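The two complexes that follow have chain A in common; it is paired with chain B in the first and with chain C in the second.
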Partner chain A sequence: MGRYIIVRLCHAAIVLAVVTVLVFVIARLIPGDAIMAAMAGSVDMSDASVVKTVRATYGLDEPLPLQFLTWLERFVTGDWGTSLGTGEPVLNMFLSRLPVTLELFAGATLWSLAIGLPVGLIGALKRNSGTDVVLTAGALLGVSLPSYWEAIVLIYLFAVLLPILPPSGYVPFAEDPLLNITSMILPSFVLGTHSAGLLARYVRGSLLEVLGQDFIRTARAKGLRERSVVIWHALKPAMIPIVTIIGLSWGGMLAGAFFVEVIFALPGLGRMSVDAIFQKDFPVIQATLIAVSVNVLLVNVLVDILYGYLDPRVRIR
Partner chain B sequence: MSEVVGATPARPAAGRSPLMSLVLAVGRHRLASVGLVVVALLSLVALLAPLLAPYSPYEQDLYNVLSGPSPAHWLGTDNVGRDLLSRLIYGTRISLFVGIVGTLLSAAVGVTVGLIAGARGGLVDAIIMRITDAFLCFPPLIFILAMSAALGPGIHNVILSFALFGWTGFARIIRGQVLLVRELPYVEAARSIGMSPLRIMWRHILPNTLAPIIVAVSISIGLAILVESGVSFLGLGVQPPTASWGKELRVGFTYIETVPLFSIVPGLLIALAVIAFNFIGDGLRDALDPRLRGAMGRS
Partner chain C sequence: MTARLQVRDLVVEYRTRDGVVRAVNGISFDLHRGEILALVGESGCGKSATALAMLRLIPDPPGRIVGGEVLFDGLDLLKADDAQIRAVRGNRIAMIFQEPMTSLNPVHTIGDQVGEPLRLHRRLTRPAAIARSIALLGTVNIPHAEARIGDYPHQFSGGMRQRAMMAMGMACVPDIIVADEPTTALDVTVQAQLLDLLKHQVDTHGTSILLITHNLGVVARYADRVNVIYAGRVVEAASADALYARPTHPYTIGLLRSVPRLDQPATETLAPIEGQPPDPLDLPAGCPFHPRCPLATAQCRREPPPLRAVGDAHHVACWVAAHG
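Up next is the complex of A and B:
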């Protein structure tokens, strides 16, 4: 097990190295120097000496590999640069927006478990029935619906036609707990339906696979009631993929948060990233990409380790 | 497949071509046949757009903006008086174009990379798979948005970014399949009679990895459509005055309280297209996976 974990961690470290290079390269793809593009509005670009000073200040006159190493060193030590849009340190911006997004994610995960688990279970237990077809189609719907459209329809239903929920905006929990929660209901639901659909499909599929195995036949043959077979024998092995889905959906959720936070006017990481993309605020874009990938990587490693723990066969590979 | 014929993962019924039995299997699948019909209709709309659209998608009628549905404009007009129905009909072209071209490009890259990784193995494989993992760390949409920011807005950059970041799934599938097929007796037999590695790859390995690729293609087209409308929704994809579903949805969102149809209909179309491709992908997966045979929504 120890060796297995070390191998996974080494893989993750290599991947992280490739990721940082990729992110750095993308930021340099912005036509012209990113910073020059962003500064063009505020300083006189026709003056060659000004241009030279700006380039020197931001280290743009150094060779690329050196720029990369400097950037990496600063990033690791917590100096994530200064936002070109707001002038704030990127790390501070990031930390101040993190709670909003985390709350959104937590809500979305709750929704997806609350919807995805029962739908998947019922689908598997009543397979090929009318209920199953409806649920399977419903789960696919959850996976396929564009989150922004779902958001718009829900806003129209619950904030315009039937005004019981706020259409958008954010209030910190400490200020007004009730308003905080009501304003999170719609956004977290929209974000949660996608992973709910995925979860339902995986739970259904994996339960069906388990139900087809020999030990289930044995359990049935020794006279257990169907309910006991499912609860005591089938459920536990069938739940393993859930770990993966929940883990992986956190990475996907940030992409969903781009739209959800823009539409519902939530001041979270997604909103910050979209603003940064429009302003070509590349220190912020870089930080977001790195943060997302580190998050996904950590989750992957955790999932791998959990898998190795839950399913001993995995460790050998 | 003249020399050696072995048991392959998805052996077609005797007497039918593999493609034909695939089409038949999908046809028997309830949800997949619905998906096929929808995709056929959307393709027709895209091809016949100039004939079907009652107005030019760019023709403005500034005296008649945000009109809501009327006999003259079935879905109403947008904020500068253009016929929404006509714009959505032309938008079908953009969505399908991005979906298909983006997917084909990423599949081409992914299949090549996956074949190389699977066939060469060893260090080459390890390096390629770590790079693939690195790409997989980012949700594609975030990376595509970042790329769009870097390369500038526009439909071609959306397609390019999609190809650049959509290939990883294909590469992984192909590599897995190659590893699986490579050790099967018929490949060994082909090797033992002195076939060149390239020929084995082309004649024996590639055809037997196609099944999961077709599934992935269908799902990837849906994803590409979703990505295009998402990027256009945020304002980085299709540029005005070109019509795209995502673009209309965004403009319509501003007027959600007065003309809800303006945003609801474009979204419905996006959802319909994506769901249709996902249904087809699902149906194909069931048709191709013998373990699930009879388990899914068949009659």
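Up next is the complex of A and C:
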């Protein structure tokens, strides 16, 4: 199992190396020179010698591979550059926003598990019953509802009509734990319902597939209760595709965070990315892209490790 | 002596998109203590459905047990409540399935799976069940059982998996073992070893075995009595000796002629049964075998023949053979 984990981590490292190259190249390929744009107000850009000086100052006259290595070296040592928008060091901006987004993701994943697992389980065990039809329709609704619409409706219901939750804003946990949690309930719910619907459908499908397998018949023939058949024999093999979906949802949550953090005024990475994209704030965009990739890669390694735990056949390879 | 298990007029239907299929159409038989009864027939003839229906393991939907009785120990298993049937399954009546590849759970160890009936029915602790499983794997000739007890099914060969299935079936020393094509996927030497193990179980514990197979060689060597099944009905029931000495139903005769025999001259060609098994959605009227039968008469096309005695404990469902 140790060897298996090391191999997975090596794979992730290779992918990460490719990602850093891509991120660097993409930033250079996007039309519109950010440095020029940023400097346009303060220096005379029509003067070729001034442009040359500016470019030299930022190392833009070096060959691209050298620029890449310089950038990579700085990035690895924690010098992520300065935001063109705020003038703050990007690393500081990133670290101050990371906890907000992590809390949001964790909350959303909890919601998604709390809703998706039981709904899928009940759907599979009472397949084709009225309950199943209602739950499946609900799951489909959860997947299809646009999160911004859901967010506005929920704010109206739980902050305006029935004012029990704050409509938006963020308070650090250390400052006011209760307010921190209540202010996270709605945003994480909105982000979580989408993956909850997806999860419910996968749990139902996966469990139904496993329940049709020969070894389930063997388990029933031993005289086990239906409950034990499901929990002991069906759930573990059924969890393999489910773990994949949980991992994929976590990886894809940043896209949802773009909407949710803006609507609920949360100072997280989603909000920071949206601002950076509008301002062509390249250092911030680059940092975000790499953070997203690392996030997805780490989750994938975690999913792979869970596969190994769930399915003994995977461990051998 | 009353039979240990009595199956009476069992009817099983499957609802398919194209209509209702009657897979088992009024099958009856007795199973006595210490005997091996074979159910023989082509695939799709209803022999596996019969076995599954006895323990109510037919997946519903699409399957459904429509009628009949399965009497065991004063209890009609088809009417028993959930707790009663669970107490029989794996404990008094165990099943050994075909397909050892898919019939074991891939994510649990062999030891846990073999020991499971013991923990359930004998209330053994996990360590005690594992210890007993090691002994069981030893009796089914799995070498180094202590070392292999923590293995997963994919680490076992096909023959070893089927042996583990047998160990699982024998765990609680059941009164009846239902073996559904237990050796189909295995090579001939392994087949013989496994069937000898079953036979040993009969000799030492008086276990009754319901052997479901299409392999007439296996039947000849191991079965005491044989029920030949065609299109969901018993068409001939006899002792194995009588069946091979005096096969009476044209279908049985056809089956035996289509098997090569070492004591026949090699120049003799095998005679296959002409035609296809009937479409279960559209069974022919009268005797279901008449479209393929060389002896069919007008009566065969009209009326289904009842099972009638033609000798001592030898019954045949055929108008022509019964007259002759």
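Rule of thumb we're sticking to: the second predicted complex is superposed on the first by the 294 of 317 C-alpha atoms of A that agree within 3 Å, B and C clash if a C-alpha of one lies under 4 Å from a C-alpha of the other, contacts with A are read in each partner's own complex, and residues count from 1 in each chain.
Quick note on the criterion: a contact is a pair of C-beta atoms (placed from the backbone, for glycine too) under 8 Å apart; a residue touches a chain by one contact, two chains touch by 3 or more.
All values reported here derive from a predicted model rather than from experimental measurement.
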{"item": "Partners on chain A (chain B, chain C) - clash or fit", "value": "fit"}
{"item": "Which of chain B and chain C A:Lys280 touches, first, second, both or neither", "value": "first"}
{"item": "Touching partner for A:Phe215 - first (chain B), second (chain C), both, neither", "value": "second"}
{"item": "Partner with the higher number of touched chain A residues, chain C or chain B", "value": "B"}
{"item": "Chain B versus chain C as contact partner of A:Pro65, first or second or both or neither", "value": "neither"}
{"item": "Partner chain(s) touched by A:Trp149 [first = chain B, second = chain C, both, neither]", "value": "first"}
{"item": "Vertex chain A angle, Cα centres of chain C and chain B, expressed to the nearest 10 degrees", "value": "70"}
{"item": "Which of chain B and chain C A:Ser293 touches, first, second, both or neither", "value": "first"}
{"item": "Touching partner for A:Ile26 - first (chain B), second (chain C), both, neither", "value": "first"}
{"item": "Partner chain(s) touched by A:Leu224 [first = chain B, second = chain C, both, neither]", "value": "second"}
{"item": "Partner chain in contact with A:Lys236 - chain B first, chain C second, else both or neither", "value": "second"}
{"item": "Which superposed partner A:Pro312 touches (first chain B, second chain C, both, neither)", "value": "second"}
{"item": "Least Cα gap, in Å, left between chain B and chain C after the two complexes are fitted on chain A", "value": "9"}
{"item": "Contacts on chain A seen with chain B and repeated with chain C across the two complexes", "value": "none"}
{"item": "Residues of chain B that touch chain A when the two form their complex", "value": "30-31, 130-131, 133-143, 145-152, 222, 226, 229-230, 233-236, 249, 253, 256-257, 260, 263-264, 266-268, 270-271, 274-275, 278-279, 282, 291-292, 295-298"}
{"item": "Touching residues on chain A, where the partner in the complex is chain B", "value": "11, 14-16, 18-19, 22, 26-27, 29-31, 127-128, 132-133, 136-137, 140-141, 143-146, 148-149, 152-153, 155-156, 160, 208-209, 251-252, 254-255, 258-259, 262-263, 273-274, 277-278, 280, 285, 288-289, 292-293, 296-297, 300"}
{"item": "Chain C-touching residues of chain A, taken from the complex the two chains share", "value": "212-215, 217-225, 232-233, 236-237, 310-313"}
{"item": "In the complex, chain C residues that touch chain A", "value": "52, 55, 57, 59, 86-91, 94-95, 97, 99, 102-108, 116-117, 120-121, 152, 154, 165, 168"}
